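Chains: A, B, C and D, in written order; residue numbering restarts at 1 for each.
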Amino acid sequence: MIRYAWLIPLFPLAGVLINGLLGSKTRGAAGHLATLMAGLSFLVVLGISREMILGPGGSHTVAVWNWITAGKFSASLSFLIDPLSTIMLLVVTGVGFVIHLYSIGYMHGDPGYPRFFTYLNLFMVSMLLLVMGDNYLVMFVGWEGVGLCSYLLIGFWYEKKSASDAGKKAFIVNRIGDAGFLLGMFLIWSLTGSLAYGEVFKAELAAPAATAIGLLLFIGAMGKSAQIPLYVWLPDAMEGPTPVSALIHAATMVTAGVYMVARTSPIYVQGPAALEVVALVGALTAIFAASIGLVQNDIKRVLAYSTVSQLGFMFMALGVGAFASGIFHLMTHAFFKGLLFLGSGSVIHALHHAPADQQQDMRYMGGLRSKMPVTYGTFLIGAIAIAGVPPFAGFWSKDEILAGAFFSGHYLVWGLGTAAAFMTAFYMFRLIFMTFHGEMRVDHHAREHIHESPATMTVPLVILAVLSVVGGILPGFPPDAGWIHKFLAPSLAKAPAAHAAAGEGYRIVKAAAGAGEPGGGHGTVGIVLIALAIAVALGGIALAWRMYMRDTAAPGRLAARFPGLYRVLLNKYYVDEFYQACIVEPIYRLMRSLFNFDQRVVDGAVNGSSFLTVWTSRLSGLFDLRTVDGAVNGTASVLAFFAQLLKFIQSGMVQNYLFMMLLGVFLMVSAYLFR
Amino acid sequence: MGIVAEALIALVKIAVVLGVVSLVVAYLTYLERKIIAHIQMRLGPMRVGWHGLLQPIADGLKLFLKEDIIPDKADKIVFVIAPVMVLVPAFVVYSVLPFSQNFYITQINVGLFFILAVSSLGVFGIVMAGWASNSKYSLLGALRSAAQMLSYEIFLGFSLIGPLMLAGSLNLQRIVEAQGDVWFVFYQPLAFVVFFIASLAETNRVPFDLPEAETELVAGFHTEYSGMKFAFFFLAEYANIMVTTAVAVALFFGGWQGIDWIPLPGFVWYLLKMGVLIFVFIWLRATLPRYRYDQLMRLGWKFMFPLVMANIFLTGLVKYLFL
Amino acid sequence: MELLFFYIFAAGIVGASLLMVTRANVIHAALSLVLAFLFMAGLFVLAGAEFLAGVQILVYAGGIMVLYLFSIMLMNVGVSIRLRQWHRQSVLALAAALLLAAEIWMVLGRGGYPEARRWPWKLGETPGNVEALGQVLYTKFLFPFEVASMLLLAAMIGAIVLAKRRITR
Amino acid sequence: MIPLTHFLALGAILFLIGAAGVLMRRNAIMILLSIELMLNSVNVTFVGFARQWADLTGQVFAIFIIAVAACEAAVGLAILISLNRDRQMVNVDEINLLKW
């Protein structure tokens, strides 16, 4: 089965070709076709993962075709099937298939229906290339492909200015990250002479080199996975259709950075400083985004900031060396965040008769529980899962991350993470209470149109809800020694034994934990940590209940008491404004000053010289007419001389250019001869 | 055997083949006139010799002795080279034809490819002649023939791929041997039909004689030619007919292989089969009207091209599945 | 013997190409080029590339050059014969070309090429050049081959679009 | 045996004749013909190398060059024909709208 791995991206590619070229013919069938294609590749993935999980596993390379061979450089289009890519394939095709199914209902009747599914399938192809490629070049192709699809899908309703702006923003911000990735790739190639994982990871790198590679690649991951400071595009990306937000901007694409860092873990462990940066950036992002999420009123924006925050958790895990936990969290997050997004889509779908600015605003919702029981139930499961209440999925992975941070001696990271977990629980239940409980604040006109969504939308919700319940405990119990750790172990590097930050404190804690292995999670400290995590989650929920159910005036009072803090949070720490003022504006100002320079100095010089000419000619006209004529003609002939010279180069005649080419060849051969 | 002896033997073979071909070609003109005459209920040439048997020789003498006119405004060099350029490829092709098991001038492993390549050069003579004459009729004839021969060469080439795939060799002797049991015409009827039509067009024969359509273009590309140069064009046309029929016999009708219990030498069988095909050529001329130019192109590109492609595909499929 | 034939063919090619470059009449130039191609086919046979020699005649001489002649006849070149033939940069270009020739001469003079190998088959044998070429072309070079066919298709469509007369309705 | 340098020298000579033709002639058709010659000079070189190493790659690429030459001829001639139809000229140095 594994040798048929090339079928996985081929099915969605067929969908792209059919829907993309014959979209006007397939129209209504486009969604079913695209879903079928996603389902077929999911089936292949299931077959492969059956062999990988139940069978011998191992690492397999499926060569498709030798792509580039130039001198010493060679890259092939070949796929790597190993435990890590198997997990990613399951997530991508599984969640992808469910969301395709959901989109059939959600996008029904949209004028761009076939276009939407073409993009969605194209995204699948790119994401699969990214995940399956066995070298950095193929991964980069996928990386750029998902970026393109993200741009296309955010700006799917391009007639809306905010949507097309958001698309452009995502594209440009990603480009900064991609430049980092590209530089990292160059560095890898120049240091190891190859881009294939197998050969790159075998190479022994000096710590500074590995750190440099790690940091450059992490810049790429920052862009794609929305980490500080390149996270600004993700909240705006919610302008796209909700299934897109669920698939691309929650479950799969934004985790590409996590996957990439995990895949590159053999390099990262050789440059521990890079890992420190990853951990710190992850922790900061987690708490930063979570704090913004506390006060947002747009339902999708809350989820978007939550995504940024959870991605921060994943990077935290990678940074502290708990690679498997990071991937584990990636997987569980794909389940419950996909679920939450789809649930919010269902809510928005129900409210599409409300005024446009109220459809996504939680202040105009409330009391939807009785009208949409399935959506409510599944949404609640997702919220509990993300809050980290056992035995739901989020608990297992998040607890592992926090424990990993603690036991590797990253107390600051652990503290930030715990605080972020508390906030997560709070804002998720704030969202639940504001949306589904309390009195109904929906516009009167839209009230009678509220209804439960059709089956194509609720079935995916139920599927994901089930996964959110069992997706954590099945592979992740017992903590830090669950099945997923054993499965992933061959693909990932071992965490560096003595972590840079792990100093004296680490040893003390290790002694206190009484467990031999770092990150073992057993012993008294481990149990205390678990209890603390549960307490934090429940505390967040309780606080939300107190503020939004029992004492509904409390939030207002709080905002009134800390007006500055509230405004800062509401305005997302003014980061967008900061970028506008510090990066975009200076560029504009530079251009304006250049323009002014051109106007004043250059034009001034020209005008001045003409003035000078007039003046001198007038003067010498009095003096001697012949001298003037001579001077003028002289100037003209000098100009003409240079013009003739320059004209020769820019003649517009092909043959002149070809002559230059021949001269170039001549010079090159000369260089070879007389070197 | 020394190089000199080898060269001498080769020269003798060449002389024999050329002599026979020239003679046969001369009598082909007689045959054509006679057959068409009888089809049209006439007698044909009767005066020179018994039933006009010496007519070709008389014609040859006449052409040989006639004044050789070169038009004033013509491009002299090209005008003179053109007839040679037509005749040479037509004769060169005979060097690889397997007239019998043992009798051939040479045998090369790319024989069929060689024939295609060399016969594709024939069009140059026609184009040169048409252009050098500096006459409207000639130029039109040349343009027509350039487009026509270029197009039909493609179908001609593609139609040969079918038998080629069955024989698995480009060597004509191998191809003939591969037809020991069944002639390829039975395996490849489509290919043969296309080949036959394309060779009609390649040799500028009715119903594809547009380059020399006497009702529109006087005599097409050779309007301005006379005397020996005209004879060259004439010879080349019949030589080409013989070549295409010879190729057809080698590829589709089992070459020199005959019926076992009739003890005839191989080359007799070969010539007999060629004779039958040549008779069909002449027969067609007496029967069919001429195609219009657009009809010619449509027939080629829209009908024969897909047909021959389908034939190749089917042959490949059958060969892959059953052989 | 081989060397003698090589010199004959090389002289033919060079002579015909010089003739081609210097003709005022485009038709004469094209015909000289055909001559050069025929010699070149001979050269290819000499170098053991029989199939290539055939392709050279069939495609180049019999196809592409006929296309040239055909187009030239469509274009009425009579006028251009009477115009100035040489570009203004001729002298410079010639000088540069000669200089380059001298340089290439020097490069070739350095020599140092490895010993020539023999083809594993003889000229004219049946499992020979053609079969081997087909084997390589449809396996190792299948992808370039497909690309070349796509290129031909694109060129065909492009040529039709470019040369077609706009029919205004 | 023919030395490899013979093939290379022949190729270089042909290439330079072609290049000179491209650079020195005004007539567009002459330029196209010269380009054909240049392409063929590369073929000669390829075939020479193929023989030297008894490796068919050179011949395969010569075939590809012929395919490319066919494309070039078709498109080039199509451009010339439409140019000739619109402007009645074939001299390349008169096509200089790019210069102003």
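Definition applied: contacts are C-beta pairs under 8 Å (C-beta built on N, C-alpha and C of every residue); 3 or more make two chains touch, one makes a residue touch a chain.
As the structure is a prediction and not an experimental result, all values here were calculated from the model.
Peer 1: Walk from subunit A over to subunit B along touching chains and report the minimum step count.
Peer 2: Tracing touching chains, the least step count from subunit A to subunit B comes to 2.
Peer 1: Go ahead and name the chain pair joined by the largest number of contacting C-beta pairs.
Peer 2: C-D
Peer 1: Going by C-alpha centroids, which chain is farthest from subunit B? Tell me that one.
Peer 2: A
Peer 1: What is the distance in Å between the mean C-alpha positions of subunit A and subunit D?
Peer 2: About 50 Å separates the centre of subunit A from that of subunit D.
Peer 1: In whole angstrom, how far does the Cα centroid of subunit B sit from the Cα centroid of subunit D?
Peer 2: 33
Peer 1: How many Å are there between the centre of subunit B and the centre of subunit C, using C-alpha atoms for each centre?
Peer 2: Spacing between the chain centres: roughly 28 Å.
Peer 1: From the mean C-alpha coordinate of subunit C to that of subunit D, what's the distance rounded to whole Å?
Peer 2: Spacing between the chain centres: roughly 7 Å.
Peer 1: Can you list the subunit C residues in contact with two or more other chains?
Peer 2: Touching at least two other chains: 51, 55, 63, 67, 74, 87, 89, 93, 96-97, 100, 104, 129.
Peer 1: Residues of subunit D that contact two or more other chains, please.
Peer 2: 19, 23, 93
Peer 1: Please list each pair of chains that are touching.
Peer 2: Final set of chain pairs in contact is A-C, A-D, B-C, C-D.
Peer 1: Please name which positions on subunit C make contact with subunit B in the complex.
Peer 2: By the definition above, subunit C touches subunit B via 25, 27-28, 31, 34, 41, 50-51, 54-55, 57-58, 61-63, 65-67, 69-70, 73-74, 124-126, 128-130.
Peer 1: In the complex of these two chains, what residues of subunit B are touching subunit C?
Peer 2: Residues of subunit B touching subunit C: 75, 77-78, 108-110, 113-114, 116-118, 120-121, 123-124, 127-128, 131, 139, 142-143, 146-147, 149-150, 153, 157, 169-171, 174.
Peer 1: For subunit C, which residues count as touching subunit D in their complex?
Peer 2: Spelled out, the residues of subunit C in touch with subunit D are 2-3, 6, 10, 13-14, 17-18, 20-21, 26, 29-30, 33, 36-37, 40, 43-44, 46-49, 51-52, 55-56, 59-60, 63-64, 67-68, 71-72, 74-75, 77, 80, 83-90, 93-94, 96-97, 100-101, 104-105, 108, 111, 113-114, 116-120, 129, 132-133, 136-137, 141, 144-145, 148-149, 151-152, 154-156, 158-163, 165.
Peer 1: In their complex, what parts of subunit A are in touch with subunit D?
Peer 2: 647, 650-655, 658-659, 662
Peer 1: Taking the touch rule as given, give the residues of subunit C at its contact with subunit A in the complex, in rising order.
Peer 2: Interface residues on the subunit C side: 87, 89, 92-93, 96-97, 99-100, 103-104, 106-107, 143.
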